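Heads up, the next two complexes both have chain A, just with different partners, chain B and then chain C.
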Partner chain A sequence: MTGQIILQLIVSGLALGFIYALVAIEYTLIFNSTGLLNFSHDKFIMFGAYIFAAQFLLNMGVSPAIGIIATLATMFIFGVLVATGIFNPLRNMASPLFAVIGTVFLGRILTEITRLIWGATPFTVPGFLKGVVRIGNVVITKANITVIIVSAIIVVLLQIFFNKTKTGKAMRCVQQNKTAATLMGINVAKNINFTIALSAVICAAIGIMVIPLFTVDLTIANMIGLKGFAAGVVGGFGYLPGAIVGGIAIGILENLSTLVIPTLYKDCIAFVLLIAILLIKPSGLLGHKK
Partner chain B sequence: MKKKRIVAVILSLTMMLSGAMATGVYADELDGEIKIGLSCAITGNFPLAGQRTKEGVDLALEEINANGGVLGKKLVYTVEDDQNTQTTAVNVVTKILNEDVCAVIGPHTSGNAAATSELYKNAQIPFLTGGSSPKLAEMDNPYFFRIRPSDTINGQVAAKYAVETLEAKKIGISYNNNDFGTGGRDVVIEALEEAGIDYVAVGHNAGDKDLTGQIMQLMSENVDCIISWTDDAEVVLTARQLYELGMDVPVIASAGIVMDQVLNLLEPEYVEGWYAVTDFVSTNDDEVVKGFVDNFNDKYGYNPELYASSYYSATYVLADAIERAGSTDPEAIREALTKTSELKLPEGLYTCDESGDMVHGCVVAEIKDKVPTMIDYVTVE
Partner chain C sequence: MRKSLKGAGILLLLVILVVVPIVDKNTYHHIVLCQTLVNIVVVTGLNFITGLTGQMNMGTAGIMAMGAYSAALCSTKFNFPIIVGFIVAILMGLIVGKGLGYPSLRLKGVYLSLTTIGFSEITRLVLTNWVDLTGGTMGVQNIPWINLFGNKLDTSFKIYYFYLVIAILVTIASYRIIHSKWGRVFKAIKDNVEAVDASGVDIAKMKILAFTLATVLGCFGGAMYAHMMGYINPTTFTQDLSANYLAMMMIGGIGTVGGSVLGAIVITILPEVLRFMENYYWLVFSTIALLFAIFLPNGIVSLFTGNKLLKRFGRTEKSFKGEE
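Coming up: the complex of A and B.
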């Protein structure tokens, strides 16, 4: 019985861990390309979930497959708009604080816009990614399996993109030195537009995948937003493989913690781990240095 | 543009005139008005509750005034939007109290009721609220009246039902770590200890998104019944994960689960066979409830839920008290409210006790294919 419980906790933790990892990746991208933090990233996830579920599926009645493509496309355009409106104009101001505060307010605006358009009542998409798979005594939901597979695909695609394509290499140049990148003929502003759009697309993917796990409401991504941030720091800030290790570590550890500490304090694990890593090994678990 | 404005003026004049004429008709039949206050959340984070509250009160007033009013006068209200926040509730109650009202209905929720309690006490005007926290009764405010069962009652009924009817030997309590959840947990634990039944309490926080740890703990403790005391979002999560992890034991849930806005978030199999301890279900066969549900449905086109039923009943409780007081003096109305006895309304049987609690029983409902059906009405002494 105990063995089964531990196994179940690890499996559920793994699935949540991949969500944290994706969140960490999504804002790491923006941090790497602009040196700024997108404090509205959890609202991007929420917005993506609403566009998919409320707009495309429930209001317009399109099939999930078309809905997913349309949502990702919409969020790509949305990302470009945010980059043009906030990140590019504000990133060169006297302090990075301007852009950061800009994103905080963008988050508020997004929440209120969503409430005005689609209403404040929580809802769900009946039947979407519903069901469980049983392997022996261990249960895993289809939604969780989807999360794990999609996350793995996204990570692999990103690695290929950054190492093999011209745009990806250009993005890494911008990350290392913006002035030098400009001198090499890279259009930094355009590059940042693309990065933020990419990040918004990943946010939308997260938003869509968590719909069957969390009810769609205005606070759908608050918790995963915070823990995803912790995951990035724990794994090694600004380093993609680190984000995955950090996310999985937090997901599994916080679930296993319920065996020894009261369940109420489960959420503390991520943040205790965050502080411990900052004190002991600030470069993160994977110890990546730029 | 100009044309539109003229049309608008004409339309609004027509509305004012017809309104005046309507009052005129009433004035012929009923001599004068009695004004009460209503504070509810029309906007904010809980607008559905305010809308249903107002609909319940509107229906009750319509019926009361059609049947000769109160003391031969027309019962009317002045309504303010408290946005379900404590600061706004304090502001709007202050405003209502300055409007020459003889009693007030609302605000809803325990936090808002506690915040405005002193205002009512100082103004010496009675108020009727649906806040269900056991702590409200301890405020020692003679002007406080509760028109819904308090959680003390729901919690005891849940424990009693688990032990006596479901014959549970070891009970798992899954609670939300907020005022509502811990209040319910304490009542359930007290009742279980009294009955000498083994239990294990496992908590979660508001906003939690994964309860695997909590459910595995309940599973490893081999509980044979679960009492779940939590809010809407978390009860949805509890139901889904209990089902997915294959934990097949009877569950008794706190009041919110029977509302459509919660059931709509669930697949039918998640809550099949669940029990709920709640104020009101619209499928009740009782004649008073049936009449209310039919009238409500005729007027609005959908079934009432617990807010509509609570505040519909509250309006009748107040009308009854004013009638018995024989005057609109707030003190006399308070006196009459304390003597409310055996008044049968959709929300239950109203009898006032010394702490201002008026409903002393609650409904046990069973959910079948997402429809909650009443199986018992349990009264607690």
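Coming up: the complex of A and C.
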């Protein structure tokens, strides 16, 4: 019986862990290429979820498949816009403080816009990825399976993109050395715009995937946003494989922790882990040094 | 000439701060003014770590919550005199400062912003869920008024003048610290870490010191807030509050005492002024803050002392680009 519970917790922890991993990847991309932390990333996720659920599914009534494509496209354009209008000017400031404050307020503006367009009432999307699958004694929700599969696909696609395509390679160059990248004929500003747009698209994907897991409201992504930050540090800051390991570790650990501590305090695990890692092994679980 | 102008400006501000509550009898306005003074204390603290030393502290809400709850619980649950509550709040500030500063400030990078966010969230979760001690979402009620040498400060009008004295003292102390050896090291750490390191200064120790100053003043501000409102609950102390303090610091002018004071006044009062826009006021307020970050990053103060600050800004920008 206990074994079954543990297995159950691990599976649902794995799904959430993949979400945290994606969050960590999404902000690591921006951090690596601009040196800025995007403190509005949870609002990007929320925005993506609202565009998909409130606008395309409930207001316009399109089928989920078209809705997903339309949302990703919208978020790509949105990413390019904020990159040109906000991230690129902030990146060139004397101190990264202005960028932090700028992104925090960008997040607030997004929340306000969402509230004004779609209202503040929380809602759910009926019938979207509902239902369960039984494997032996373990019950897994369809939403969790989708999260695990889709996240794995995104991770693999990103690896291929970064290692095989010209744009991906250029993005890695920009992350390492902007001056040299410019000399090699890479348009750094354009490249950064693309990175941020890519990050916004990942945010939208996360937003769509968490819809069946939570109620859609303005604070839907606050917790996963913060835990994503923790995941990045736990795995190894600024290192994509580290982000994945950190995310999954946090997801599984916090679910298993409910066996020992009250469920109410489950959300603390990620942050306790963050501080513990900084004390014991600042380079993260994978020990990657930049 | 410039110096006398500055003196006149400070005097004018002081006169305004003293006179306004006498002219304006509205109690709600008095509460907003008291809140402004609390914010001045907190922002002056935040200025040490974020403004001067350049380390991002995103957990002001959690720090204030620690101070507010220590003071409130001391005087309601344990029936200690109010002064004990304030002392416990200050001690709490010391503990938080050392405890969070040690793991995150030994390392270079953005770790402080992440640990402080984490700390803020843990604090909020614990305060919400530890119902026996903190009253959970019901909060702590009936926090007593401050009793000053037998005079009960039982209206926000009376508290205002007490807090005004505290705020002035904190501001003067902060001005003295900024222009002392500590202040110069803080600024140097922000501008050029390598040079500070080469001069034989223990960077980690100085960063932790700056952070501890911020947490002590933050907790103290929290205690002031608790005794002013008479009621606190965990939903006040969210990420939004932390962001507000950052905005105050930046919109006023990063790294200067005058900037912190101006920022605290503007950002506390601006949303109240913008309230006529009802549904849109928060959006307008956030947009103003974002525009400030992009177009006037050195804040309102740089409008007065424009040249000097802009030049400094330009120079650091160049050196920053040169590093890439």
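By our rule, the second predicted complex is superposed on the first by the 290 of 290 C-alpha atoms of A that agree within 3 Å, B and C clash if a C-alpha of one lies under 4 Å from a C-alpha of the other, contacts with A are read in each partner's own complex, and residues count from 1 in each chain.
In this section, a contact is a pair of C-beta atoms (placed from the backbone, for glycine too) under 8 Å apart; a residue touches a chain by one contact, two chains touch by 3 or more.
In this text the structure is predicted, and so the values were computed from the model without any measurement.
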item: Which of chain B and chain C A:L213 touches, first, second, both or neither; value: first
item: Partner chain in contact with A:L9 - chain B first, chain C second, else both or neither; value: first
item: Contacts of A:R108 with chain B and chain C, given as first, second, both or neither; value: second
item: Chain B versus chain C as contact partner of A:C173, first or second or both or neither; value: neither
item: Touching partner for A:P282 - first (chain B), second (chain C), both, neither; value: second
item: Chain B versus chain C as contact partner of A:A70, first or second or both or neither; value: neither
item: Contacts of A:N222 with chain B and chain C, given as first, second, both or neither; value: both
item: Contacts of A:L116 with chain B and chain C, given as first, second, both or neither; value: second
item: First, second, both or neither for A:D267, with chain B first and chain C second; value: both
item: Intersection of chain A interface sets (partners chain B, chain C); value: 222, 262, 264, 267
item: Complex contacts: residues of chain B adjacent to chain A; value: 45, 47-48, 177, 202-205, 207-210, 212-214, 216-217, 219-220, 232-233, 236-237, 244-246, 261, 264-267
item: Sites on chain A touched by chain B in the complex; value: 1-2, 5, 8-9, 12-13, 16, 120-124, 126-127, 130, 132, 134, 139, 141, 213-215, 217, 219, 222-224, 254-255, 257-259, 262-264, 266-267
item: Residue ranges of chain A in contact with chain C within the complex; value: 31, 37, 39, 86, 89-90, 92-102, 104-106, 108-109, 112-113, 116, 177-179, 222, 226, 229-230, 233, 237, 262, 264-265, 267-268, 270-272, 274-275, 278-279, 282
item: Touch list for chain C against partner chain A, complex; value: 50-51, 54, 56, 58, 100, 102-104, 106-107, 109-111, 113-115, 117-119, 121-122, 125-126, 129, 190, 239-240, 243, 246-247, 250, 254, 279-280, 282-283, 286-287, 289-290, 293-294, 297, 313, 316-317, 320-321, 324
